[in-house]
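Look at the two complexes coming up: subunit A is in both, with subunit B in one and subunit C in the other.
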Partner chain A sequence: MSIRDESIGDRIGTFGREAIRNGWTRERFVLLGLLGLVLVSLGPPFQVYLFTEFLIIALFALAFNLLYGYTGLLSFGHAMFYAGGSYGLAIVLRDLQPHIADTIGSGIAPLVTFVIGGLIAVVGVLLLAIPIGWLSVRLEEIYFALITLAFGMLVYSFIIQNPQGLTNGTDGIIVTLGITEIGGTELRLGDRQTYYFLTLAVVLPSIYAIWRIVHSPFGTICKSIRESPDRAAALGVNVTHHRWMTFIVSAVFVAISGVLIAGLANVASPYHSHWTTSAIPVIATVIGGATYFSGPIVGAFVYLYVRWGISRYPVLEAYWEFFFGVMLIVVVLYFKGGAAGGLVLLQAWLLDVRTAYERGGTSEAWAFVRESAAEKQRNLSARLSNLGRSEPSEGAER
Partner chain B sequence: MTAVLAFVSVSDLVIGLSLGSRLFLIAVGLSLIFGVLGVLNFAHGAFYMIGAYVALVVTNQVVDNFWLAVIVGGLAVGVIGVLIEVGTIRPLYERLDGELDQLIVTFGFVLVIHEAVRFIWGSQPYSMDAPASLAFSVGIAGSTFSAYRLFVIVAAFVVMISLWIFITRTYFGSLVRGTSSDREMASMLGVDVPRLYTAVFFLGSFLTGLGGALAAPLQSVSPALGDQVIIDAFIIVVIGGLGSLSGAFVGAMFVGILQSIGPQFIAAGHIAIPFLAMVLVLLFRPEGLFGGIGE
Partner chain C sequence: MTTVLKTEELRKQFGDLVAVDDVSLEIGGEEITSIIGPNGAGKTTFYNLLTGVLEPSSGSIWLGKEGDLREITDDPPHEVARNGLSRSYQITNIFEGLTVRENVQVARITHEGRTFDFRSRAAKDEELNEDVDELLALTNLTELAETPCETLSHGEKRNVEIALALAIEPTVFLLDEPTAGMNPTETREIVSLIRELDEDIDATFVVTEHNMDVVTDISDRIVVLAEGAVLADGEPREVLSDERVTEAYLGSEA
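On to the complex of A and B.
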């Protein structure tokens, strides 16, 4: 016990020293990031709400991209797992809260019920994803998109049908988080700030877990499948089995985001299972850049904050989807890297500008900026004059 | 069996056939485009909606001629389809993962068209009158139907038969079938594949626009129309077989009749059954219940 504590303490100490001493190290960025996340909680309630929603959608899109970006399967039915998480939590809160309060006392019951509800929801989705994934991964490309769409809409019609009053039909189930009492202090889970920290405490470890999965041997195999399923199979990878496992992992993380959205929106709604909800991670991931790990996170940020920005102009407010439609088309046609790819290019460009500055001061840097702008313009006009022609076959081997 | 049949009245059957007819006109274009180009056009429901709105505008504001409005609706959607195909889908044919990229691009157009329609015509539903020449009722087996409803069913049959003759009996049809079964070979034999693709995309878009315009008097026209019909169209083409014309016809009638008689049998099951059928067909016969193009 004590050894473990010391080692963790030591590690934190080393981490802190690294962050302070050695300039702009990774440690300092992490520390500043965490500080930024804490600062967000002090903002106005609506901003806290928006940022919480961003975290949840980011996890949703990231989990979706495990399947799309890392194994090349486009699911149009992930809303079923999102709604599965929401409904799991809502049903447990509605039906089991009194029993749990009887067993462990009403003080901490709301928090405990939330945790139990979340766990039951995730396990429920896991049990749903195992057979659905097993059946779906037999198909590829368009057919996979269609079968996941069909499964998703089956779940939607099940929820609408309201079997034995379980899902409360089209109204959905109201989620009340209640007031938890721990040692005399009251904790309102539904409070914007509290819920923000709760979301943070769930989403950050989940993102880290996905990061570890992607960078594990398992993740490497997934990427090899995306690049070429045939070659991966030739190397002895069981492609179908791997896709199935990825499907399940993806569904579990989507369920976690679904649990969180039910608590944030205070409702488990059938809308969460409709195919239009399945489109949200597709939009966020494609705009953000599916080939980058951070793409879905950047995309979720763009999705929520561009939408918020648009909503400040009443003329445009009602038509925000229009802009996302245009963004989708432009990104797929001209810029597969998406927003994350754009950030990477921007970073490389800024480094080039700095090199030019170090070589010959301001004039050299300015000359570089003008030259690269002119080059971009040439490229763009060349692209525009090629409009309507088929691309030179980058996928000729197919 | 007789107990089941007792529930099915002639009136439900006719309504089901008319629902199926309008679905057929969407699904057949979707299926044709997939069969030849390999593109699953997510925006096909939105195209259908544009057809209905254009017909509405023509009859209300330009000339009060229903038949002209239907033709203009179809042609307008055909032209929009060509612009979209040439501008945004054609660059993706050669790309690895091109099929998914095309699906995402056409989904982008679902959002764009939906919002554009809302911007131009607002969110309120419109209704359209049937042409005066068909504004009478017909009695069949004790129930009365508007003549227009029966006309739409006949129109679907006519489109099906003429399309079938077009694909199997004409020179252009043989080019379409050849290109659909082997694009490279067709190209080597001198078929201008890009132009053929554009022509097929025009035809598919024209048919769905025509369907939207023809069905406008039978339904309320609102921006939600596109999203409603595209999912039905997906179900139909999957059940019938992506690329199959007769499959689109049988699938459309199946879904249409299910929509009209389903609610009486099973409270909300009629929503689930088409999706269940879709899953089963995808799992056991992914090529659909009816073969490829021209069958």
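On to the complex of A and C.
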């Protein structure tokens, strides 16, 4: 024991355990996390941009998963609410900014217009989601996916049509956030760092709100509908009505992420409403794991950073969709709970390694690592030889 | 006898097939009624009509406490449940992915009209969980409260099913084949649980059952359905010695 105590790894391990035992409460971990988030803002501008985009996509995917992972409805048209958010903001900024500046003075006008634009966009999406949701939740499973896809493409073609010059057709609307003056200090809202903090200030409370919804009685009912709609109905749950309400709540949070993306990308683009955008939260959620609250967040992280990693190699970038396809196949085949599920398994595995280490030192731990790696390999080859048969053999599960 | 559930010439046709043929029944508040009949007699269809899953072709259904009956013929399933008709399923139907506690929470949340409560946290809501704990104790599930339902045994799942149905404090509780797929020990346990519950709880039990020992054991009254119509109705001994009943069973099962 005395010799091992000298090693750095052990000291860090002991420190961590002691820290948890001696009051590294959740609050302190949250503080540490917040500190990390502040540190991110000091990175190079592109990294700040990428992380901001990650936060926005994470919110988009979380809101989508409220309907998919928690209520059991796969929407393939959530881009319409995303675009609703971004176009709502863009249109208000373009058409109302001068009027707002006239009323309250040009100094603070850009910030106020952004807030008003965001609110109008969210209310607009709410009004859109009420009838679309009412019609869509009457269908289930693949029919639900198809009707939401249809509504999504309807919104897309509406935007492309440029009715009365409202949406500026295929070019989209440029979003200029301008310079706000408060008490003599200038604040460029479009500045990477400033916008990052603005995004944080919106996304973190939104994530907390979704977390509370998921854990509220409302969320419990959602989960029961996912598990067995007819059972829920037999207990007095109005399944259609509850799905409708969840649809609306989900759309509202997607709209918030849409508002943020317009400010980040400096444009409200028809691409935001295209079905390929609807696929983003689906992919992020599947990669991350729909059954975990954090799944969509982890998935959004993987999605954006893997994409970024690929983009640095032009040869790979030309085929980035191919790599995503491979990644999806691997996740679907081998990680039942997605990346978040994988992390949970990894954590359990690390705990096992630690137990082995505490039992017999480095050699024991190493033996355990080799043992489990060999087992993984056996399972993998069993899986591969089972591919093509309808049922994977038992025991190949883990 | 105060009637809690009544059907008047209830009929269900699928094309030319008459699954339920003008059934008029009155079920009283103090007795356990068993509805039996050979396979295809229309028992499950009858249940599905009562619970609003199927729409009757004609006839009416009435439900209520202390003789104050309300018509529920055209109500959708969730309205029927809110009006006091609760059921268990022949093939266990619970929320497999949730824990036992969460399962019962669902029923309590609905019953307390809190399905749109966003503010409270289900896991920490004392009022909610007090009621849940009480129900779990009643159905011998206290120790399994935090267990995910998919890992329970068949018998334990049955208990969850019963806890769910009771959680909405029903006037009438329809049990569909409560002992289906159970071994003799589990069967004995569920029968004694139903007996206990009938004593403790202010609900009227209606049971469909294949196991004749169970039927004679728990019923105060037996209704025999054959080809969708009521063939016999009365006290167990009387009904089971009825020649037409034996004939219906042997005739269709032979």
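To be clear about the criterion, the second predicted complex is superposed on the first by the 367 of 398 C-alpha atoms of A that agree within 3 Å, B and C clash if a C-alpha of one lies under 4 Å from a C-alpha of the other, contacts with A are read in each partner's own complex, and residues count from 1 in each chain.
The rule is simple: a residue touches a chain if its C-beta (ideal position, glycine included) is under 8 Å from a C-beta of that chain, and two chains touch if they have at least 3 such contacts.
Being a predicted model, the structure only gives us computed values, none of them experimental.
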### Task
Could you tell me if A:I182 is touching subunit B, subunit C, both of them or neither one (first, second, both, neither)?
neither
### Message
For A:A373, using the defined touch cut-off, is the partner it touches subunit B, subunit C, both, or neither? Pick first, second, both or neither.
### Response
neither
### Task
Quick one: classify A:A233 as touching subunit B (first), subunit C (second), both or neither.
second
### Task
Report for A:F322: first if it touches subunit B alone, second if subunit C alone, otherwise both or neither.
first
## Note on the structure
Of the two partners subunit B and subunit C, more of subunit A gets touched by chain B
### First, second, both or neither for A:A201, with subunit B first and subunit C second
neither
### Query
With the two structures laid over each other on chain A, which partner does A:M245 touch: subunit B (first), subunit C (second), both, or neither?
second
### Query
What is the shared patch of subunit A, the residues that subunit B and subunit C both contact?
none
### Query
Can you list the subunit B residues touching subunit A in their complex?
40, 86-88, 90-101, 103-105, 107-112, 114-116, 118-119, 194, 227, 231, 234-235, 238, 242, 267-269, 271-272, 275-276, 278-279, 282-283, 286
### Summary
subunit C partner, complex, touching residues on subunit A are 212-213, 215-221, 223-224, 226-228, 230-239, 242, 245, 291
### Query
Mind pulling up the subunit A residues that touch subunit B in the complex?
72, 74, 135, 138-139, 141-143, 145-147, 149-151, 153-154, 156-158, 160-162, 275-276, 279, 282, 286, 318-319, 321-322, 324-329, 332-333, 387-396, 398
#### Entry: Residues of subunit C that touch subunit A when the two form their complex
51, 53, 76-78, 81-82, 86-87, 89, 93-98, 102-103, 105-107, 109-111, 114-123, 125, 128, 164, 167-168
